[in-house]
Every structure is written in structure tokens, then in C-alpha cells.
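Okay, got some structures for you below.
In the two complexes that follow, subunit A is the common piece, with subunit B as its partner first and subunit C second.
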Partner chain A sequence: MSEQVAFQHIEKTSLIGTRIKKPDAPAKAIGKTRYINDMVLPQMLYGKILHAGRTHAEIVSIDTSEAEKLPGVHLVITAQDTPDLKLGFVKDNAPLKDKVRCERDEVAAVAAESEAIAAEALKLIKVTYKDLPPVYTIEDGLKDGAPVIQDRFPDNKSLSFKFTHGDMAAAEQKSDIILDDVFNVHYVTHCCMGTSCAIADFDHNGKLTIYSQTQYPYNYKMDLAPALGIDPGDIRVIQPPTGGSFGAKLDVYPFEPVAAILAQKTGRPVKILFDREEEFINSPTRQPARMHLRTGCTSDGILTFRAADVMMDNGAYTSWGPTVPVIMMRTVSGHYRVPVVDFKGQAVYTNNAYAGSFRGYGNVQMTYATAQHMDMLAEKLAKDHNLDPIEFRLKNAQKSGEVTPQKSFLRECALAECLTTAAEASDYVNKLNKYTAERAQEGRYKRGIGLASSIHNAGGAKIHKSDGCGTILKMDDYARVTVITGASEIGQGIDAVIAQIVAEELGVPTEHVNLVNNDSDLGPWDVGVHASRTTFIAGNGARRAAIKAKKQILAAASKQANVSADELDLRGGFVVQDKDGAVVTKLDKMLRQMHFQPEPDVVMVSDYYEPNSEPEGRDHISDHSAAYSHAVHIAEVLVDTYTGEVKVEKVTMAQDVGRVINRMGLEAQMEGGLAFGLGFALSEEMIFEEGRLKNPSFRDYKLPTAPDMPDLDIHFIESDCAEGPYGAKGIAELPTIVVAPAIANAVYNATGIRFFNPPMTPEKVARAIWEKKQV
Partner chain B sequence: MSEIEKYIAPDTVSDAVKALSSGGVTILAGGTDLTPQVDAGRRSHAPTLMNIRRVDDLSGITQNKGETRIGCLTTVSEIKQSDLAPAILRQAADHFASEQIRNAATLGGNICNASPAGDMINPLLVLDASVELASWKEGAMEVRREPISRFFTGPGKTIKHDNELLIAVVFDTPGPDFVGYFRKSGPRPALEISTVSVGIGGDYKDGAFHNVRVAFGAVGPTPLRGKATEAMLEGQALTAEVIDKAARAAQDDATPIDDIRATSWYRTHLIAVFTEELLNNVCQN
Partner chain C sequence: MSVKTELNFTLNGRPVNIEVPVDMTVLNLLRENLDLKGTKYACGEGECGACTIEVDGTTINSCLMYAADLNGRTVMTIEGLGAGNKMHPMQQSFVDHGAVQCGFCMPGMIIQANYLVKQNPDLTREEMKRGLEGNICRCTGYTKVLDAVAAIVGAEG
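Entry: the complex of A and B
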């Protein structure tokens, strides 16, 4: 064998930028994957939670005696069984409540032999409530003498944020145009196809194993422990395959400690699984926001200032939702150069649902406003000052090397390239002018084109003390690689990316790289799947570990072949000469030789990658991400001006991805991300009446379906990020962020009407068109 | 929890109808409405669950002596694909829910669910169809026919008695001059409950519209015929003026309400839009 290969030469090729199949895709496609929702443990009980179904009330008494008598019921618990257990961002939430503050509030829980028995037991729990005056609006919450939702916050004021930079009065003076508008962004929710689920199991040493859909297993332990009164070290988090998270699982929510408390007290594994209606009512939402935006500009098209006053309905408890100004205050300017910025954000407690983190975190809301203001300015400047709408944006587009007032250092900035690429590919300016002219003509159907852009962190976000990720890499005697990573795979595709990166470095097939993760007892620390960070952070970690392994192998090979390690490379499962690819030896043989010798040299390396970003700090003003990225979307719509139906026919997307790693995964993230933005723009809306959700089903909560998807023309702009793996940047949130205002701008182009209050449902659009005709 | 005490699956119509006579029976056909409604707690099972899907005679579309007959177990997919189904019925089938639901949902089930938004009901009103209701009387099966326009009494309510099985829908096979169109709306193209639906049909010959029938869905407590619109259109040439008047008449016929899916304003607005659109389709036919 070695004689045969001795004459072989292996060319240098690269996997980076190619299409790598997601390893778990076939199993998911044929229904073989066992999701957490499908899991059954021996002796497992089923937990169910009694929700208040009212919005503000004292709990006068709870009688659980009938429920306890029902055969098959093992345990019924209430807040009395769980004193002093807290959870949430400001620890204002509890697993079970002694007072009702919103519709979903968890009042009691049951563990029983079956789901049906648990459901029946809930009906037997008698709760006496004394209703309290409720608060359903920000205004009511701020009134003097308003009912107090949380005793620790007697004025109902929750989190607040502030950022100012520059001389606002002078900037206003300089402005020839000042726009002043209020945007109201509505409630939507994640709609994970796999509903919320947790399975808790205690061993006899008091150690909890929790099977969870969490996106952040390591800090999850820290957040879950105080909700259970145990040490975080006594928690093992296992993340089985999950049907979507998208930010919904970035906090601990009451059902998780409730499952654990039931398990602890019964000594049996306990599973809590929501049905779809429970999922709608009891999951976090996207943070709604009322954004008062002011933008100033000179008559030659130079932005002078931006001011945003953001009021947020906090709901009854504080999860990640009302923290979104951390991102809003950066993205309120940040990709178009705005010298003077004033940002205020205030959240107010009410008896409404509460929000969590959601893909595009704060920026979906902010960009819906800023990108419409940019479009309004572009229109005005084109009309009054003959300035081309792309030229206007290019004039203000930030460039590589600039630092924003919020201290985001734009090392590689490709906004200008995104703008020109998308505009040219879609023939934006010509269509814009054509459709504007056609708007005044007779006809039921109108076309429109709209452009929007934004910036987002693309190299993690250092909101914790570390934004790092650990990696352990080993190779066996057969040249198979095992990568133990802190990065979780929750559907986003890091499994394919890590296999690809490690295969690239070690010259092995991607199928020879095994990934071990999603278990906090096995993997080293990682922040979690959020902030578009995993490919950037865990990808860098995997690459660095692989490079260490490669060095070790080449050092050994160098000794054996008596050539410098620099002159060797790993390709196609062989150690080769770097210059001509001449085979030196087979990689597996090399590894065995390293292993089986008097002083064994086994490949087992580790790495902890910490990005070069700065911690958020108290004021959230720092270079908090190792990279920032920009995207431009241009939406083309057909509006039926009679029915108000908006069909998005095509979206041209240009996004700075740094460098393409797995082209297939990247395209899928673009498509999936866009679908979220599409639903947000046009059809998805949680309808609340007096704090209660009126449409907790897919019949009345309108997720986009396959026929709603537009044609996509995707352009990847490769800015080659110095810090990113092979130059890559994080990519997953921008597709969700940018599309909605692009659609709103296109609808304006078609109809002459601005929609500041999404979603642009057929009824809303038809009504606005009809009202405009009446004037 | 509604407990099912007994499950039966008869092979013949008479066995099925006989089983109904003793009462306490829930009928299962496609299950696409029954299952989610039971799950949501909006209805409960009677002690006996009767699966009628094994009854062969209840499925399929036939034509005989100028009459078309569609068995109650005929699925929406079968109607969508059948040459024997009038075009207006196929259009409604095409806009019905999703492929998977169409494959399971039956015509009889959609009628008996008696939703004001039931998509298959609207074209049947336009076709002036009747339903056949079978019951067991004195040792034999008895069948009565009732016009579908009189079948519905409120949301989820019909004149069908508990001991009756809706076995088929019958209507006069439309003649060569018959033209009919169906239109529904909602915010998305698939899996949509109608915000409103409109169906219009009649004989369009020599530029005039005769035997006109108009039906509306989701604009009142039951699917309904638009009598004022029909009267307005009968025998008329479909000029722009007539079409406009018909659209106004349609708004008088309908009595929509506000709910979370749409306001009464929007439903009334759409009624006029769709009536006009469908009449233009008729002209262009």
C-alpha cells in the first residue's frame, strides 16, 4: 500500500465556501430523529401547570385536596411549596406565583402517571381569586396611583436605558429636513415547531439532569439554580434535538424549574410538554415597542442627528425582552453615519404578556423605523434636490475603520458594496421611478420596490464576562476526529460548519469528524447560541484546536521523514509535501506510529477562544462585538389595492458575510431568517384583549406558508473579516431584521401610504387605501 | 375528558343509519374538524364513536339523468380532481385548507360542520344542491331530501336530526351555458379560513345572465344566498353599471360581524370587491 501511494500527489483544495450537507438532515427528513418532545424515561411522570387565565389578582386560597385524591396523581404543588425561589433578569419572577400578574401566571402544578390524568387533576384544583384593578397600557402603568404590578417597582418603571452623543441643539440647527414619527411595533412570537419541553431527573446524590431546549446550557445552570435552591454545580444540562428556539430558550422560564421541583419531590423523572395553545400563551413574545424617531438631514443629503425615544410594555415580568435597547441604541444609527445621537428607552410593567429574546433582538424593531426614515429622506431629497436615492445612502454609508458614537469599531465595512450590489441586481432606481409614476394611474394592482438596510453584531456580543467557547479535539488510530465543543447544535448548522472547518485543517473527509456537544458534563464552556455568534466563535475555536492537532502531527511526521514541518501538509487523509503534494505517509498510519511508541504521542488538544471584543460595561457602550456586518434588502411587491393583499414577489439580499463557509447552510439561514421577517411584516400578530391572547392557534396566528415565500436573489459580499474564521462573520439575524422595512418601503412605493404600525395585513392596507381615496 | 365507550365501523349504509337510531353516536369521517374541536374542548364525544369510512357506497361522484350525486365520504381532493365536479366546486376544493387536509376531509363533513366559512358549502348553494338525509324508521332506511339553502340554522347548527346521516349531495348537472366562480380571501394563500367567500353562478347566454345564484360565506351566522343580488342580476346584461349595482346589492345581502379575523367593514368591502371580480370573470368567460 505504502509503495503504491508513494508516487501519488495530492493537490491542495479547500472546503471553505462549498456546500456541506447538514449531518442530521436525512434523519430529520424521514422522521427518525428523536426530539426532546418524543423522549420517555423509565418511571417518568407527566407534569402539567395550572395557569391563572386572569391578569391581575390576589390568590385568596388554593384547595388541592380533590386533585391529590385523583388516582394516578403523585403530587400537587403551589407557591407554598416553592418559597423564595426566583428567576428572571431582575429576579422578579417565580416558578409558581403567590399573586397573579398576567394571564399565563403559573399557579399550581401536578405530576401524574399520564398527561390525561394530570390535565384532569388541574380541573380539580380550586383557586379563589380576588381580582385587582389591571394595567394594560404603558400610559396606565405610569399614571399616579396606578396599580402596582411588582412591589419592588412601585412606579411600575422597569429597565431604562440612555445614550447621548454630540450637541443635539446644534445638529437640529444645521438640519434642513427633520422627520418626526412614531412607530409601533407589535407582538409576535417564535412559533417553534417543537413546543416547549423539559424533562427533569434527580439522582440519589441530589444531582439534577435536565433535558432542555435551552440555547445557553452553561449559564442556564446559573439561572436555574436559584429557582430550585440548589447549587449550579449540581445541574447537568442535556440538549436533545429540538424543534427550534430562535431566542425563545435564552432564559429560564417557569415550566423548567416546575418540572425540576416536581421531579425532586416525587423522586421520579418529570416531563412537561406544552400543547400548541399553551405554547402561544406561555412563551415569550418579541418585545413590542413604541418608537418616537426623529432624524435630521441637510439639503445636500448629510445626516445630522437621530433621536429615539422608545417606550416598551414590559409585561408582568422581566425576561430579555425589555433589554433590547442594548442593541437598539447601537443600531439606531450605526450603519449610516450619524454624528449626533440621543437614545432613551424605558420599560413599564403592565399585566400583559412578557417578552424574551427573539432573532434580531431589538434590531427588528429599530430597523423597521430607521429604514423607513431613510426612505422618506431619500424620497424628499430626490424630489426637492434631485439627489439619487442610492447616492444619498452611499454619501452617509460608513466605511471600514470608522468607529460609531456607540464605540462599534467597523473594521471591515461593506455597506456601500451591499447597497450598490443589491441596487444594480434589482434595477432599483429605475423601478422605483417607474412605480412612482404608475401609482397615480388607474388600476387595481400596483407594484412597488423598497430598500432597507441595517447593521448587526457579527462577531458575538460580549454581554457576559466572557464571550468565549471551549473546544477539545482528539484523533484516534484510524484518523477519525472527535470534536467536543461547548457550542450547542439546536438546528442552526454548527454541526456541519465544525466538521467542515476541522476537515479543512486536518485534510480528512467531513464525515470523519464526529461532533460531541449538547451536554454540559461533556462540553467545555460556551455562552450559547445567540447573537449570530456560533460560527464565528465556535468556528474559530474548532479551527484553532485543529491547527494545534495538525502542528503536533506534522512535527512527528517531520522527525520521521526528516523534513521541516513547514514543508509538510495534511491532505486527503495523507501527510504530504506542501509544495507538490507528494505523499509522505498515510495519516492513520502516522497517528498509529505516534501512538504506539515508547513515549506515546497521542493527539488530544484543547482550545478556549475568547474574541477580542470588549465587555458591554454598565452603559452598554463599547466595542462589544469582534465584528459588525451590514445587509441590504430590496423587496418587490404587488399590492391588490382592492383587497389590500401584499404579495412579496422578490427580495434581493446583499449581505456582508465576511466569507462564505458552508454555502448551503448560509443560504438556508438567509431563507429561514427572511421568513421570520416576512411574517412580522405582513401577517403575524398576537391579538390581546385586556391582557388575554385571542388567537392562540395557527388558524388565527398567521405564520407565512410556503406559497408566501418570495423569489430570493442572494448576494454574499465577502469583506474578509480579520478576526473571523477564514474571514467569516456571523450572519443569522440580519435576514430577519432587514426585510420588513424593505417591504414597508415597497408598499409605500406602490400605494403612497406609509405603514408605521405593522403588520401590514390585507385589511389594514385596504382600509388605508380606501380612506386615502375618501379624502 | 369525554370518554368514548364504544367504537363501531359499519360496512353498509343501513348498518350505519341503524346505529344512529339508538342515539349517543358521534360520526367520524375525515376527522379534520372533529379531532381539533374535541382537543380544544369545543365539543365532546358521545359514548359511541362511529367510523363511517368503511362504508363504500358513500364515496364517489356519479351522474344520472341530468343529476349529479356526490357521496358524503368523497374527499375534497377527489372533488378537486374529478371531471364530473362542476368547475366552481373544483375551484373551492382547490382553495380548501392544505393538501393533507384535502386528502382526509370529506364533503359531508364540511357540510355538517356547518361553519359559516365552510368552503365547499358556498358553491353548493350556487348549484342549488340538496342534501340527502337517511334515518332508520320502522325496520327500513328512509331518505329525505332538503335544499342546502335551508339546511343551516346557525354556526355549527343544521336541521339534521341526531338520528340522521347525511349520505349525499345532489344537484342538477349544470348545462352548457352555466358559468360559475368562487373566490375567498385571507391574508395568506394556503391554509386559510375564509375572511369572506363569494360564489356566483348562472346561465350566461347571448350577453345576459339567467338563473343567477349568489352565495356568501363568513358574512353571517350561516352560509347564505344573496337574494337581493340575484334579483338585481337576473336576466341582465352584465354592463359596468349592472355589476356596480350588484356589488352594492351584495353588501346589502350580507350581515358580517367584527371578529379577530376581520372587521365588518372589511368583510363588507370584500363582498363588493369579489362580487365585481366574479361578475367580470363571467363576462370574460
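Entry: the complex of A and C
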């Protein structure tokens, strides 16, 4: 064998841009994967939480004695068992409550030998409440003498945000057109197919092992520890496979410390698993927002200013939801070239549900407004000033090298290319004019086409001081690679991308790269899987680690073969001559030779990659991402004007992805992201009455299913990002962000009606069409 | 304690004899008593399709069926579609086409897809969409799922 290889030549090929299968897919497809929901530990107890089911009340007394007597019950706890334990973004939340502030509030918890016994025990807990006057709207929360939700915030004002840039009065003066509208974005929720779950287990030294669905295992320890009164160093986080996440698991929520407290006090592992109704009521939502947007423009079609005043219902506690203005304002100041900006954001405590982080993070909300204003301006400028709607957008589209008022540095900007690509592929302008003309004609069915675009961070988001990710890489004597990365896998496919990148650098098959990323005791630091950052940050880290390993191997090979290391390469499991691919030696043999020499040399390298970005400061002026990206969606709809049903028939998507890494995974993110936006636009809505969720089931909360999916025409624009791995940018949120306003603009094109308050359900659309006819 | 009943049925080609509470669902029997956790709970009311299995050649939501009703029947779960670690062509096609992300809904989706193709080997893409309407997936947007099924029936996009 070794004689034959000496004559072999191996051509240089690349895996980048190819289709890589997800390594964990086969086990999932045959039903072998054990998700956290499926796990059972020896001696495990089942925890269940008693939720208040009312929105604002004093807890006068809790009698747990009957529940404690039920055979199979091991422990019942209330807030009295967990004093002064805090969690949440401003530490206004607690594992168990001594006062009720919203429907989901956790009042007591049980650990029992089965779920059925735990559920039975909850019924035996007697709580006496004294209801308090509730607050269900922002307006009521701000009234003088309004009931106070959180004692530390007597005016009910939670987080507030502000950013101004330039001379607003002068900009208004210069404006020939000023649009002034209010957009109301509704409550939606993640609906992960695997419901929320945690399994907690303490050892004899007081160290907690928590099996968790978290997306941010390392900071998670920091957030969980104060809710338990233990040191973060005494927490080990294990992340078994999870049934989706989409931002839902980017914070610690009460059920997790409750499971841990039950485990701590019983000395047994405790599992808490939500049923679907619990999942709907007790999971975070997307942050709803009332966005008052004003946009100015000259008659030449040059944007003069944007002013946004955003009011947010904080709900009763503060998770990531009301922090979304951090991203909203980047859209206000950076979605097209906006010279003058005024942004205000205010969150107000109420007795409603509270929001967390959710794919698109504030930008789904804000782009719904900004992209409709762009469409309204385009229409006006076309009508009054004969300006082509694409030309209008191109005039305002930033170019590479521009810097936004918040100092987002658009190093590589492909907005113009996204616009022209999508417009040409869909024949946008011709169809827009045709459908506008057809709108006035008789007929039940109307067609419409709508364009929307947006900007999003695509190289992480430095909301902490570090936005980095650690990687440890080792190779064994058989040329198998193990990569230990801080990056989490929640179904998105970083497993495939890291295998691909490491295989690319080390010239081994992707199947020979094993990924370890589910245990905080093993993995190096990472901020978490969020902000479309993982391929960019963890991908860069894995690449840098692999390059270090490669250098080490080639240095050893260089000595042995007596050739300079930069004349060597790794390909197809061999060390080869770079210029002609002539085989020097087998890679595994080389590794063994390195190992079994007088001074053994084993390949074990590490890397900590910190992206070239600046922390988000209080003034919000910083280049907070190492890259930014744009996307354009063009939606084509058919509206049944009788029933109000909106059928999205086709979406043309053009997105600056920097560079395609795993083409199949990238497409999958585009398609799945789009489905999220589709549901948000047309059917998904949490309906609250007096703070209580009225539709906590898939029967009444309508997710998109297969027949709802439009035909997709996907265009990847490769702007070749200098900082990204092989030029790639982060991609996963933009597809969700851009599609809803594209649909809204298309529905306008079809019907002449603007929908400022999604979702565009059949009832709402039919009513609006009927009302328009009455005028 | 609830009343129990004795059951005899065929599960993934093997006979099963077991005593179950009369109010136990098939989903719970599979997951809790028989350790077949490939079949998933995601809603418990027949809305999402994550617990889809085949009973006597027809797909059902196992969360809506009483285990007691399995007596004398033949059941196939996701674990019985292929053979051990060897994937059935439908499972392989889902993997090859990138239809699996978090994968939680996939056992139900694959069982349903396989059933649809058995019923109609010339399935069109529109028929696939209709046939998979009862299976919710939150990750994929269904496009790659349809591609995977289309590859099996030889239908193009």
C-alpha cells in the first residue's frame, strides 16, 4: 500500500460551498436520538409547578399539607423555601413567587415519583389569593397612581433606550414627504416542537449537573447560580439534543432553578417537562411593540430622516424581550442610508406575559415598519415624480465601506446587488405596475407583489465584553479529529459546518471529524448560539484551530521529507507536495511518527477567536458586529377578497451570505427562517384577554404547515467578507425578518390596504376589504 | 389505580404481550413501557403529528389512541421502519436532502411520508403537501421534506 501511494498525486479540491449532510441526522431519522425530553436518570423524580392562573394578587396563604401526604410525593416547595433568589435581566424575577404578577407565575412546586402523582399533588395545594387591581395596557401602566407591578420600579417604567443623530429640525425642513404611522406588532411564540425541559442532579459535593436546552451554557451558569444561591463554578451544564430553540432558551426561566431546588432538597435527580399547554403559557413570547415611525424623504427620493418611538409591554418580568431596541435602532439608523435619526424605546411593566429573545430579535418588529414605509415612499415617488421603485431604493442603498450613524461599519455591503438580483428574477416592477392596474378591476381574486429588505448583524453582536468562542482540537494516531467547541447545536447545523471547515483544512473526510459541544465541563467559553453568530464566530475559531494543527503537522513533515513546510499540504488523508499533489506520506502514519519519536509531538491545539467588533455601549455608538448583511425578499400573493385569505405563492429571496459554506444547511436556514416569518405575517397570534392566554394549543395557534409554503427562488449573493470564515457571514435571522413586510407590501399591492397591525388573518383582511368598500 | 387489561399485538414485527391501564394512550405505552422513544410527544391532542405511527397499515396520532385498542393489531413505529442502524430509503432520503434539523418532528413526518408513498407511488408535490399537512415542523419550512419525498417517488420540484 505504502509503495503504491508514493506515486499518487492528489488534486487540490475544496469542500467550501458543497452540500454537507448533518452528522446527527441519521440517528434522528431512525428514532434513536435521545432528546432531553426522552431522558430518564436512575432514581429520578418528576417535578411539576403550580402556576397562579391569575394575573395580579397577593398570596395570603399556601397550605401544602394535603399534597405532602399524597403517597409518592417527596417534596412540596413555595417561595418561603427559596428566599431572595433572583433571576432575569434586571433580577426582577424569582424561581417561586411571593406575589402574583402574571398568569404564569410559579407559586409552588412538587417533586414526586411520577408525573401523574405530581399533577395530582398540585391539585391538593390550597392557595388563598387576594386579587389586586391589574394593569393590562401600556397606557394603564403609565397612569398616575397605577398599580405598581415591581416595587423597585414605582413608575412601572422598565428599560429605556435612546439614540439621536443629526439635526432633526433641519431634516424635517428638507423633507418633501414625511410619513407618520403607527405599527403594532403582536405576540407570537417559539413553539419549539420539543417542549421545555430540565433535569437537575446534585452530587455529594453540592455540585449541580443540569441537563438543559439552553443556547448559552457558559453565561447560563452565571445567571442560574444566583437563583440557587450557589457558585457558578459548581454548575455543570449538559446539553442533550433538543427539539428546537429559536431564541427561547437564551435566558434562565423559573422552571430551571425550580428543578434544581427540588433536586438539591431531595438529593435525587428531578425532571421538569412541560406539556404543550404549559409550554404556551409559560414560555417567553416575541416582544410585542407599538412603533410610531416617521420617515422623511426629498422629492428626488433621498431619505432625510427616520424617527421611531417604540413602546413595549414589558409584561411582569424582564427577560431579553424589552432589550430588543438595541437591534431595532440599528435598523432605524441602518436600513438604507439614513442621515438623521431619532430613536426612543420604553418598556412598561404590566400584568401580561413577558418576552424573551426570538429569532430576528427586534428586527422582525422594526423591519415590518421601515420596509413598509420604504414601499409607501416608493409608491408616492413613482406616482408623483416618476421614480422607479428599485431606483429609489438603490439611491438610498449603502455601499461597501459606508458607516451608519451608530458606527456600524458596512465593510462589504451587497444591498444593491440583492435588490437588483431579486427584482430582475421576479420581474418585480412590471408585475407591480400590472397588479396595481388590475386592483381597480372587478374580480374576487387579486394578485400582488411586494418587496422588503433589511440589515442585520452577521458577524456576532458584542452585547457582552467578549463575543468570542473557544475551540480545542486534537488528532489521534489514526488521523481522526476531535473538535471541542463552545458553540451549541440546537438543530441549526453547526455540527456539519465545523466538520466541513476542519475537514477542509486538514484534508480528511468530514466523517472523520467528531464534535464535542454538549458539556460545559469540557467545552471552552462561548457566548451562545444567537445573533446569527455561530458559523461566523465558531466557524472562524474551528478554522484557526485546524490551521494551527496543520502547521504543526507540516512542520514535522517538512523535517522528515526535507522540504519547506509551505511547499506541503494536507489532502485526502495524505501529506502532499502543494504544487503537484505528489504524495509524501499518509497522514495517520505521519501523526504516529510524530508521536513515537524521542521527543513525542502530539497534535492538541486550542484557539480563542474574538471577532473584530466593539462592545455595545450605553450610547449605542459602536461597531458592534464584525459584519453586517442585507437581504431582499419579494413576495407574490393571491388574495381572496371574499374570504380574506392571503396565499403566498412565491418568494424570491436574495441574501448577502458572504460566502456559501454548507449549501444544504444554508438553504435549510433560508427555508425554515422564511416559514417563521410567514406564520408571523399571516396566522400566528397569541390572544390574551385580561392577561390570560386564550389559545394555548396548536388547534387555535396556527403554525404554517406544508401547504402554506410558497415556491422559493433563493439567490445567494457572495460579498466575500474579509473577516468571515472563507468570506462567510452569519445568515439565520434575516429570512425571518424580511418576509413579513414583503407580504404586507404585496397585500397592499393586491388590495390597496395597508396592514399596520399583523397578523394578516383572513378575518382581518376580509373585514378591511369590506370596510374599504363601504367608504 | 386504574383498571388494567391484557394486550397482544405485533410491534415492529415482534409479538408483544403486556398488561396496560385501560386509560393509557398508545404514545405513553410506546414511550414509557416499551422504551420506544422515537415516537414523540409534542401536543397530546392530535394537532402536530409528532407521534404518528402505523397501525394495521394506516397512520394515526398515537396520542389519541388507547393502548387497549391495540389488541390483535400490527404496529410500526419509526424504530421499525428500517432495520437497526440501516435506514429505510425514506429515512435515507430525509438525511440526504437536509430535511432533518432539530429532528424532533421527523419520526412522525417520515412515518407519514412513507405511508403516503405506499398509498400512491405517483404522489405529486401538491398531494405531498396535503398529505403532510398534519405534521408540524418548526425548523425546516417543509421544502427539504418535500424534496426528500419527491426523490423517493421520482417526482421533480
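Note that the second predicted complex is superposed on the first by the 775 of 775 C-alpha atoms of A that agree within 3 Å, B and C clash if a C-alpha of one lies under 4 Å from a C-alpha of the other, contacts with A are read in each partner's own complex, and residues count from 1 in each chain.
The criterion applied here is as follows: a residue touches a chain if its C-beta (ideal position, glycine included) is under 8 Å from a C-beta of that chain, and two chains touch if they have at least 3 such contacts.
These figures come from a predicted structure and were not determined experimentally.
Novice: In the superposed arrangement, does subunit B or subunit C reach more residues of subunit A?
Specialist: Partner touching more subunit A residues in the overlay: C.
Novice: Applying the touch criterion given at the start, work out whether A:226 contacts subunit B, subunit C, both or neither, answering first, second, both or neither.
Specialist: In the superposition, A:226 touches no partner, neither subunit B nor subunit C.
Novice: Could you tell me if A:707 is touching subunit B, subunit C, both of them or neither one (first, second, both, neither)?
Specialist: Both partners.
Novice: Quick one: classify A:664 as touching subunit B (first), subunit C (second), both or neither.
Specialist: In the superposition, A:664 contacts subunit C only.
Novice: With both complexes superposed on chain A, which partner does A:194 reach: first (subunit B), second (subunit C), both or neither?
Specialist: A:194: touches subunit C, not subunit B.
Novice: Report for A:699: first if it touches subunit B alone, second if subunit C alone, otherwise both or neither.
Specialist: A:699 sits against subunit B and subunit C alike.
Novice: Go through the superposed model and pick first if A:572 touches only subunit B, second if only subunit C, both, or neither.
Specialist: neither
Novice: Touch check for A:683: first (subunit B), second (subunit C), both, or neither?
Specialist: The first partner, subunit B, only.
Novice: Regarding the shared-chain residue A:166, is it in contact with subunit B (first), subunit C (second), both, or neither?
Specialist: The answer is neither, since A:166 touches no partner chain.
Novice: So which positions on subunit A get touched by both subunit B and subunit C?
Specialist: 275, 698-699, 704-707
Novice: Can you list the subunit B residues touching subunit A in their complex?
Specialist: Against subunit A, the touching part of subunit B is residues 1, 39-40, 98, 185-191, 193, 195, 260-263, 265-266, 269-270, 273, 277.
Novice: Over in the complex, which subunit A residues touch subunit B? Could you list them?
Specialist: So the residues of subunit A touching subunit B come out as 116, 119-120, 275, 277, 642-643, 645, 682-683, 687, 694-695, 698-700, 702, 704-708, 761-763, 766-767, 770.
Novice: Which of the residues in subunit C end up touching subunit A in this complex?
Specialist: 31, 36-45, 47-48, 50, 77-79, 81-82, 85, 87, 91-92, 94-98, 100-107, 110, 128-130, 132-146
Novice: State the interface residues of subunit A toward subunit C in the complex, per the touch definition above.
Specialist: Spelled out, the residues of subunit A in touch with subunit C are 19, 21-22, 24-26, 28-35, 37-38, 190-195, 241-246, 275-276, 490-493, 664-665, 667-668, 671-676, 678, 697-699, 703-707, 709, 712.
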